[in-house]
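Some structures to go through are shown next.
The same subunit A turns up in both complexes below, where it pairs with subunit B and then with subunit C.
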Partner chain A sequence: MPRHRDCYGVIMKKKSIVEFSFLFPALALFILFVLYPFIEGIPISFTNWDGLSDNVKYVGFRNYVRMFSDRHFVNATSNTLIFMVIEVVFSNLLGLFFALLIAKPSRSNNIIRTMIFTPFCLSLLLSAYVWKYIYSDFFYGVLGIPSPLGDKKWVMAGLANIAVWRDAGYCMVVYIAAIQGISKEYYEVGDIEGCNIIQRFRYITLPMIGPAITANVTLLLSWGMKVFDYPMAATSGGPGRSSETVAMLIYGNLFTYFKAGYGQAIAIVFTISIFLLSFIVSYNLRKREVEL
Partner chain B sequence: MKNKAMKCLLLVMAFAMLFTSVVVAETQTIQLMHYMGEKTKRDGLDALVKLFEEQNPGIKIEVEGVDAATYMTTYQTRMTSNDEPDFYFGKPRNMLELVLAGKFLDITDEAFLDNLLPELVEECSVDGRVFGFPMDAQVKATFYNKNLFAEHGVEVPRTLDEFIEVLDYFNSKEILPLIHGYNNVNCVFHELDAFLTAQVVVENEADLWVKAQSGDIKLAESEVMKEAMSIYAKQADYFDVGDFSLDQPTAIADFAAGKRPMFTNGGWIMGDVLVAAPEGTEFGMFPTPWSNEEENNKLWVGIDDVFLISAKTDKKDACLKFLEFLATDEAADIWMNYSKLMSSNVNAKTEDKAPYIQAIAAEIEGGNVVAKALVPDLTAEYSRSFRAMLQSFAISADKNVDEFLNDLDSELEYIRE
Partner chain C sequence: MMKSRGKNVGKFFHTILKWLIGIICISPMYVAIIYSLKSKQELAVNRFALPEVLYWENFSQGIVQSNFFNALKNSFITTSLATIILTVICSMASYIIARKNNSKFYNSVYFIFVAAMIIPFQSILTPLYINLLRWGLVNSLIGFVLAKSGFQVAFTVLIITGFVKSIPRELEEAANIDGAGLYRTYWQIIFPLMKPVIFTSVVLNALNIWNDFQISVTILQKQSVRTLPLTQYFFFGENNSELGLAFAVFVLSMIPVLTLYLSLQKYIISGITSGAVKG
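Presenting the complex of A and B:
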């Protein structure tokens, strides 16, 4: 019996090594291109380096302390959070709505799915340019509605709308896959119990697509927090600084303002914040998922 | 016999290799990086490169275009990775940190600089040393549609009151007089800079920005600045809500199409304006007025397209030869024909050029110009913040000048700290 146990242990160990070997290429790339540069950047964040010269002075935690009283950082964080919340909420709601409507496989549904998913295939920059002209030429030119990109109050909503237009199709695809994976038996039981359409959704569909919700919300949360391309292409952070995001502020400090040390400090805090936020949201959503 | 043939063959091959290596060694390839956005300029550069290569068979120029919005990032990345081009592009004073870090070649003593307008050469210098070669005598001014002016019998304004009259006239005819590309922070700034530069020079406050940046003066206490912002606010009041999201390319297209009669901006827009304009449309130019004394309304003249040689280049002679070529009258003519800009060459012939170029030449000849070199701008974060605030001011409903200047002072102080 002990011998049998030893054999089992060896087999399991081998299995683990094989499984890890599949993970290794991705892990190596992650360490090389993400983790290593991130760690390399930490010492820079404690300096006043301008990004060019050899003169580097250690400034301790000054960059980190300054960040939290920097009104540009506070403004950029607020803009980023507004964008992220709109994107996460509306992309998921719209994606789920479309998925519920067209989850059933049919030729017409396949065509509609393709149409809704198509914007996701466009680059972020192209999407921004397309909407810039839709807002100015169609919304204002035809309908007489001023472009939100020229309005300080509405600019973040206008930019988030571009992201929703692009990412709702992606959410829809994930939700369709999840909905199609739900066994019909649950719905049959629901019908016998006399569930109406809202109850079917509330007590069967929603709990069963929990993992898909977790995946979509977490992913879109990190996309929303990292937003750079849309405001860069559509508004350059304007009007004024009303659409400047944290990623843009980091970029500005690193390259335009010659404050690489400070920019690096913001980048580090920002990266850790995204990691923590994603982890907390993902952890809480997972706890609510239905165990099958 | 076989041995002899083999030896002959080897000898021939050796000669061939030697010859090839000599030819290869003689052909130098220069890498030129630029961020010219306008097609007319890029075509002009291509034509110049082609002619230069024909005249100098041993030198080849590889042109690489980069994004204007991110050129500094590209430059810094190339510099830190030791993958530098031989030629950079940009205004030396806008890249002060790179100039001071010794990244560009000092060309102060080159004779070909004598062919260029001294005001432009001065603007390419830092601490008395010249680092750039300016291609054109760029202007910031108010460009106007000559056909629309003629159709309405409107005379070209030379004073502030006349300018306001023209604005009011078109407005009364339900034609918005000025086009504002307010989506672009630079368009917002050019509208102010087009007259403020002349104003601060005439009022002996040329170092206004330098002093404001260092905290030596408060802009809110500057009468010149208050007056300038009031004029700016007046011009910005002739607007359409759509202007708040209007980008520069659309503004150019609308101006070319005759949707509005005037556009205050830099001369670099005119190449694209001419390409987009219907046949027969002519465009003129006048210095943007800020004063009722005509002689005070001087034309802003400065650099725009500037080439800089990398300090690390190992093809210094070939690079200097290219700049020498660019300083010739022939090169100036080619550049003007393609780019639709006024050349930096003092001998440039303008008789057969577009009316606005002739107008620029007339202002230069008449000495009614003010060199941008005299008025250094805000730099880096100060400049970004100022332009962003100016954009907010331009689109705000109540353009409160005092409040704006106080906020600007506070912002500059905040950045300094």
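Presenting the complex of A and C:
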């Protein structure tokens, strides 16, 4: 009897090793290239390390205190937030509007959907370059509107517009799926009750696509906060540092300004902020899904 | 009678509006294409009209000067390698996570993956760069493939796990009774059933890796290992005045992505919508 039990134990152990071997490669890659560097980053953020030398000194919370009076950090934060808000609001509004226009499945609507979604497949870099010339050659050259990318006040809006062009198609695709999932009976009841087109939208469509709104807003919020490629390609952070984003500032602290320790502290505050912001926004949107 | 005419007018405007939006959305591509086909002289006088003469030299010169085929090769190698790695290891991981959903350990791993989706690359940039430097993986295509794959693991596991949960367990149980091991059961029975979600994850990952700039600009700094986006970045920096040339390189690098998109559109769309509904 005890022998039998031993045998069973060995088999179970072997089974769980085999099972773990399914997870192991993915987990190892994730730990090695994401989790481990993330944890390593925490002690670095408490040092004055320049990223090159062996000369490292612990400075306590000095990096964390310093960033809040650093005007470059404040500037990068406000640039990032402006970009994120414009990107989230307009990509979603336009995406929803496009979805309402072409939600009905038909040949022509499929072609238009393909057209609107195409920019999303291009790299962010390419989008930034093409728009740079649309601003300077078409907006300025043909319409006489100066390129927003050359104006300190408008540069973030100009960059966000490129993101909206690229991401509105993404939002649209999600909204189309949500709208097509609404049962026709709701609209039939609406027709009997004599709903007009605005009431139909407000009382049937909008409440039913709540989860899609939550998903899109939360995702675009994190894309917007992480913005890096557009300003790198289209403005290099200029004019001056008026389009430098937080992601660029962290990159610059490692490769250009040689303040890796300080950059890492910014990176950690940045990560926590994105976590908190995503959590608060998705929590509140989810709560509203029920109320609508 | 009046009402139906009003309806027709409305429908007419609706049609015009939606086509107009579609055309506006792809019009920037028109700019890229006509710029790439004009000589420097023609660009100076005529920017937006169709080119009078098709100036193909932009393409031939752009290919040579930007070392285009080398970049294409690098992009192709890294994208296919990372996509294959991700598909194999993440589909296996997703399978076991979905099946062991009463195990604390597997559930916590899944939860960590979900949370890691939000981590910005910048938070691991410095330590990762230092590690790669130490391991001799900076300026190496393998280094980029491993780092990029590591970063995409969470997202890939997330889309595949949702799908595996919908595959009934009875099939595997039958195989188990027949004495097939876990590996055989997986590759012979489960993996073939996962085809639609595998397609989706392959396409979404391939697009993402092909277009990557943030991670590659950190790891791949030498010219010989640059991928297409990096080549565009540096080539454009050096050829700001040679617009036709720069745009020819852009148009060339758009072709593979657009081909992928137009031929596998179905999988991209279904992937996005299934991912979003769960998110």
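We take it that the second predicted complex is superposed on the first by the 256 of 292 C-alpha atoms of A that agree within 3 Å, B and C clash if a C-alpha of one lies under 4 Å from a C-alpha of the other, contacts with A are read in each partner's own complex, and residues count from 1 in each chain.
Here is the rule we go by: a contact is a pair of C-beta atoms (placed from the backbone, for glycine too) under 8 Å apart; a residue touches a chain by one contact, two chains touch by 3 or more.
Because the structure is predicted, anything quoted here is derived from the model rather than measured.
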Which of subunit B and subunit C A:F258 touches, first, second, both or neither | first
Check whether A:G238 is in contact with subunit B, with subunit C, with both or with neither, and answer first, second, both or neither.
-> first
Partner chain in contact with A:G51 - subunit B first, subunit C second, else both or neither = both
Figure out whether A:G190 sits in contact with subunit B (first) or subunit C (second), or with both, or with neither.
-> neither
Applying the touch criterion given at the start, work out whether A:V173 contacts subunit B, subunit C, both or neither, answering first, second, both or neither.
-> second
Between subunit B and subunit C, the one with more contact residues on subunit A is chain C
Just subunit B (first), just subunit C (second), both, or neither: which does A:G141 touch?
-> both
Now for A:L124: first (subunit B), second (subunit C), both, or neither, which partner does it touch?
-> second
Thinking of the overlay built on chain A, is A:L23 touched by subunit B (first), by subunit C (second), by both, or by neither?
-> second
For A:D151, select first, second, both or neither according to whether it touches subunit B, subunit C, the two together, or no partner.
-> first
Which subunit A residues lie in the overlap of the subunit B contact set and the subunit C contact set?
-> 51, 141, 232, 251
Subunit B touches which residues of subunit A in the complex?
-> 50-53, 71, 132, 135-136, 140-141, 146-147, 149-152, 232, 235-242, 244, 251-252, 255-259
Touching residues on subunit C, where the partner in the complex is subunit A | 14-15, 17-19, 21-23, 25-26, 28-29, 31-32, 35, 47-48, 85, 88-90, 92-93, 95-97, 100, 106, 109, 112-113, 115-116, 118-131, 146-147, 149-151, 153-154, 157, 181-183, 186, 207, 210-211, 213-214, 217-218, 229, 232-233, 236, 243, 246, 250, 253-254, 257-258, 260-262, 265, 268-269, 272-273, 276-277, 279
Contacts from subunit A onto subunit C in the complex sit at residues 15, 18-20, 22-23, 25-27, 29-30, 32-38, 40-41, 44, 51, 98, 101-102, 108-109, 111-112, 114-119, 121-127, 129-131, 133-134, 137-138, 141-142, 165, 168-170, 173-174, 177-178, 211-212, 215-216, 218-219, 222, 225-226, 228-229, 232-233, 246-247, 250-251, 254, 260, 263-264, 267-268, 270-271, 274-275, 278
Residues of subunit B defined as touching subunit A within the complex | 69-70, 72-73, 76, 79, 97-98, 101, 182-185, 241-247, 250, 380-381, 384-385, 388-389, 391-392, 395, 414
